[in-house]
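What follows is chain A paired twice: with chain B in the first complex and chain C in the second.
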Partner chain A sequence: MPRQRAITAYGYLLPSIAVLGAVVLYPVLFGLYASFHDWNWALGQAEGWKWTGLGNYLTLLRDGYFWHSVGVTLYFTVVAVAVEFILGFAIALLLAQDIKGAWFFRAATVFPLMVSDIVAALLWGMILNPSLGILNYGLSVLHLPGPDWVGNPQLVVPTLAAVDAWWQTGNIVLILLAGLSGIPKDRFEMASIDGAHGWRMLWHITIPSLMPFILVALVFRTIDCLRVFALAWGITSGGPLRASEFSQLFIYTQGFGRLFNMGYAAAASVVFALIVGVVVIFYVGPMQRRLSA
Partner chain B sequence: MKMRRFLSVATVALTLSLLVANGVAAAPLPPSKAKINWRQFEGQSITVLMVAHPWQKAVEPLIPQFEKLTGIKVNVVVQAEDLFWDRSQLGMSSPNPPFDVTYLAMGINGLTAYKNGWLEPLDEYLNNPKLTDKNWFEFDDFFPADVAGFRMPKPDQGKVYGIPMAGEVYLNFYRKDLFKQHGIDVRKLKTMDDWLKAVKSLNLDTNKDGKTDIYGATIRGANAGIIDELNAMVADYWGDAPYQTDRFVYFDENWRPRFTDPRIVAAFATWGELMKNSAPGVTSFDWYECTTQFAQGRAATYWADASLFASIFEDPKQSAVVGKVGYAPLPATKNGHNTALFTWGLAIPARSKHKGPAWLFIQWATSQAIDLEVSQKTFASPRKSTWDNPTFKKALPEGLGEAVAASLAVARPSIMYVDAADKVILRMLDALHAIALGTPAEKAMQKLQDEATQIVKEAGLYK
Partner chain C sequence: MSRVGLKKRLTNLLPYVALTAVALVFLAPLVWTILTSLKSQLDALAIPPVWKFAPIWRNYLDAWQSRDFAMSFFNTTYVALFSIGISLLLGIPAGYALARFRLSGNNTVEVGLLVVRMLPEMLFIIPMYALYRKFGLYDTPLGLVLAFQIFNLPYTIWLLRQFISEVPLEIEEAARIDGCSTNQILWRVILPLIAPGVVATAILAFIVVWTNLLIPLALTYTDSPLIATTIANFRGYGGFNWPVMAAGSVIAIIPQFIFFLFAQKYIIRGLTLGAVKE
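Our next item is the complex of A and B:
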């Protein structure tokens, strides 16, 4: 009775579909609908929507500050993901060895993941404060110069990327450790009988076997970094001179955060979601090829 | 002998009568003496949304008195200021607002709520003898400049949508001890230039390690919340020239922006100069970072900020500079001497289901008696009677009363009822950052002028 079975299956699925519809589909469609309207609370339009077609999108295309925020976000993402990946990969390789006290280092790597983003931001905001923070104090004890970490427009994004690395490298470590534990030991043994070791083993066995895990880790971290918000909101407010105004902060400021121009914020969200989608497609292509191979 | 005795008796009598008179002035009538039925909403409960703020800390312990007086249960919800802005607007927009009384900020926060019809006009409550004892409440006792921010849409003639409860006027804080040590006599600092010279001489390397430990100044530089303080500086440079009260000095009667006006350029340049003399990281300083710098003794002056921060600097639990802080009005510029003020008020969402009890709460909380008690902790009373009250004067730190009085005498409400005002403010912040990072003020202000022109044109204000 395939029909009966299908009905039962849909019956089981119904609660999940209802919940997902309410918390995902409805907000997405609502945002899309709002993006085609003038809906600016600051102008008293909270209950007076005005259809504007592509108006918000056309304004957005000409809005240099939006595109600046996209650029800043991409810059942050590239730096943060690169640092986190290199660090995470190195740490995972070390932890995969059966060294003494590995449990301690595993816990230490994963610990920052338990901190919420806003707590991490406030914590580092205090640490990085050039005159009252502990970081520059520590540097001064060592007679090293303490830079203006978040007040210098050239330094602010790398600094925030470093904070993100402190906070999130553990994610990459966890994923890669899972991958490493799944590589059959005999591959390494056979390679070593053939005279391979060190870098060659890493390059020819470890990395190819880990590839699906590496891709998953990179996709997760990239999406996460693209939607960075709390670090800038809590530490820099987007400054100095918008040098750390990430797209999410731009959207927040257009909407609830300051300007209450909800229609415009919705349009910016839609465009930004599309940008994230394009970036993800770059990953998914090779991932699928790799998995089907 | 008889004459001497008569004189001494007369002196005692006169002193006693003055004491009695003062005693009367010192104790405003308590709420229980108001001629209204406080128990008319007995059994109802209301929710009050507050910002984590000195007024909230001072009034919360008194609320049981209100509950006992009225039989109304009060639930208080406190939000950090950063989180308050959207919560208050979202709450008011709801068909069932989650609060019946809310903090309301003078300026754009209030105007946005007003424009959407979310605020209950309070004139009819003030004029209803069943709900308000006008003689006891004395609405005229509030400083008009504080009330102006809650009259909408026009600050001088609109209906009242909020009752002020914490006023802040912008003035300078300085370290008396450091000034003395370095031979700077504050009384001789007459102009802005004198003060700037003093600031530059107070970047100090106290432990001789080649690095500055105490900075000449601290000042806000972080986000759009800077506007009210910046307006104080701009008002000071603007001097006594007239302007449109609903758009501050930034736009003329035809909405043409004035950001290249030499007075406004000079004000921004001075702000930028003070940022350069602040601790590194000043572009991320909000009031919390500034008060921390100053309270920890890392800044010799703290510029153009809220008088109520005196309550932090004089609190030994929060401050390392208790008793060392001097207070001064903003220094005069060549155009005159002005500053700005900002006021928090209490308002009722138009869709609240408990407007009657909400009004009783507001009336109680902003009454002379409660204001007197609360203001001894906040130093931020919006009522004239409190500032005249001897008990209150005694509670003020030395010099604060005089500095506030001198500032209030010239303060202008920091109000910009401009469509898209916030957009302009964000560009103003960009200009400040650019100046602080080294762009010449004229260049940064020309860019701001161009952008502001574009914004008011898009808003349909400037043709």
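Our next item is the complex of A and C:
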């Protein structure tokens, strides 16, 4: 490439790189540095911190509450992504048929995507209220017991996963519908002539053709579920008994949310980012092939 | 009717039954919220629920006038417009460079953009809170405009790169033969061609600002509030003032809803950073 062109190109990139350096890289590095310090604002260390080396990390390794939060987050992610994927896949398959009024059904499933996570939390907080909410009233009409959805430690994570499924299944529907519309019709016809129908068609033709789209849908949902915050913060504040204290909520509480133990919160955010990073790396190869296509 | 015919008709009906059930479940919470937003406080908490009531439109006025709501509404709009302006100004040339120049380190930049999209927010929000307090950016519109670059700049670059790479190279070459400089090609030739993509990107970025909770939660208090945290505060103070909370939620949804309608064609791209196109 001529030198002049290279200079132009870097000139185009430089301002963005500078801004991202200032707003992303600098805070992340600062946080990393802070994580090696005792920096508890609640103990009057806001102005001065004390080097503690790996102290915060060692405490974190032994902090049962942190690992509990990681476990809860993984549990939530697995349940939410599984429900969203199965439901979304089924809806997308139905919508890809010759259905009258498909636009309406599509709009209905996609509509919750337009609601922000915190508004979703407020709506469901009202609906799930054990004594005043509409859901348990509906169940009582059917003579079914209405549990305390978000007040029961056993139920709270599946309940929040269900709320997440309400909120984001449309996401998967949209991605898979885009994939389905791209599969050439004659591929189905050929398979049909060869005697493939129903489940066999799904397994041997539809799913392999959709694989890249399935992958993208799973990646984005997995990572967004791992980072879940607003649903728990808005509905349960992590309770009851920390049963829905997801990792980001744990970090928030350690940090500016309540305890102001900033060095420790920074260390926790680094470790959690590494955990998410492991998941991302697991996906990154296939992702890149997709994105650069 | 023969039994086989009946069975066939039932099978044909099955998808509709399933989809109707799904649509009901998906729409019910929103319908219920709109109903709640029009009830009196007493009716909203009544069990069994009250189905017949005179709509109380005042709830919307109350929500609008309560505490910081109107101020947050405008402040969010203002912060969104400025931060999107900056993202586009920086993102258009950056997207162009990534789309059209084979640079060493191009790949690094692209993977970096993707990583930023996937990092848990706390990794930069915890230190940002500390830094903002130190530098006096806490609770200021300027601080927010800057902070939203974290999400919107990578997002903008990534999407615009895709739109630009879809413009045929021949157009660019023709312009070059006509004596256009690279700058002119970008701003006068490419930009008009990708205008719909730029608008869609701006809308998607607007929705990011409008819906993000963590940035205002970490970086604002009362001087420069954003809609997401103001809405969240309805839980605390009003206690069980569900109608006003519901009305506030509906007001907050409306701009998102309108923008989503405009950007419909590009929503999937936005959700997947362009990995999937419709």
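Convention: the second predicted complex is superposed on the first by the 282 of 293 C-alpha atoms of A that agree within 3 Å, B and C clash if a C-alpha of one lies under 4 Å from a C-alpha of the other, contacts with A are read in each partner's own complex, and residues count from 1 in each chain.
The criterion applied here is as follows: a residue touches a chain if its C-beta (ideal position, glycine included) is under 8 Å from a C-beta of that chain, and two chains touch if they have at least 3 such contacts.
Keep in mind it's a predicted model, so treat the numbers as computed, not measured.
By the touch criterion defined above, A:F256 reaches both chain B and chain C.
Look at A:V19: by the touch rule set out above, it reaches chain C but stays clear of chain B. Chain A has more of its residues touched by C than by the other of chain B and chain C.
In the overlay built on the shared chain, the residue A:L226 is in contact with chain C alone; chain B does not reach it.
After overlaying the two complexes on the shared chain, residue contacts for A:T52 are found with neither chain B nor chain C.
Shared-chain residue A:S69: touches no atom of chain B or chain C. Of the two partner chains placed around the shared chain by superposition, chain C is the only one that A:F30 touches, whereas chain B remains out of contact. When the two structures are aligned on the shared chain, A:T77 is found in touch with neither chain B nor chain C.
Looking at the shared chain after the overlay, A:T206 reaches neither chain B nor chain C.
Contacts of A:T159 after superposition: neither chain B nor chain C is touched.
Chain A uses residues 125, 131-132, 256 to touch chain B in one structure and chain C in the other. Residues of chain A that touch chain C in their complex: 1, 5-6, 8-13, 15-17, 19-20, 22-24, 26-28, 30-31, 34, 87, 90-91, 94-95, 97, 99-100, 104-105, 108-119, 121-127, 131-132, 134, 137, 166, 169-171, 174-175, 178-179, 181, 213, 216-217, 220, 223, 226-227, 229-230, 233-234, 247-248, 251-252, 255-256, 262, 265-266, 268-270, 272-273, 276, 280, 284, 287-288, 290-292.
Looking at the complex, you find that chain A touches chain B at residues 41-47, 125, 128-132, 140, 148-151, 153, 235-242, 253, 256-260. Contact residues on chain B toward chain A in their complex (touch as defined above): 85-86, 89-90, 93, 108, 112, 115-118, 209, 211, 215, 221-224, 279-284, 286, 289, 292-293, 296, 298, 419-423, 426, 429-430, 433-434, 436-437.
Residues 15-16, 18-20, 22-23, 25-27, 29-30, 32-33, 36, 45, 47-49, 86, 90-91, 93-94, 96-98, 100-103, 109-112, 114-116, 118-124, 126-131, 146-147, 149-150, 153-154, 157, 182-183, 186, 210-214, 218, 228, 231-232, 234-235, 240, 242, 245-246, 249, 252-253, 256-257, 260, 267-268, 271-278 of chain C touch chain A in their complex.
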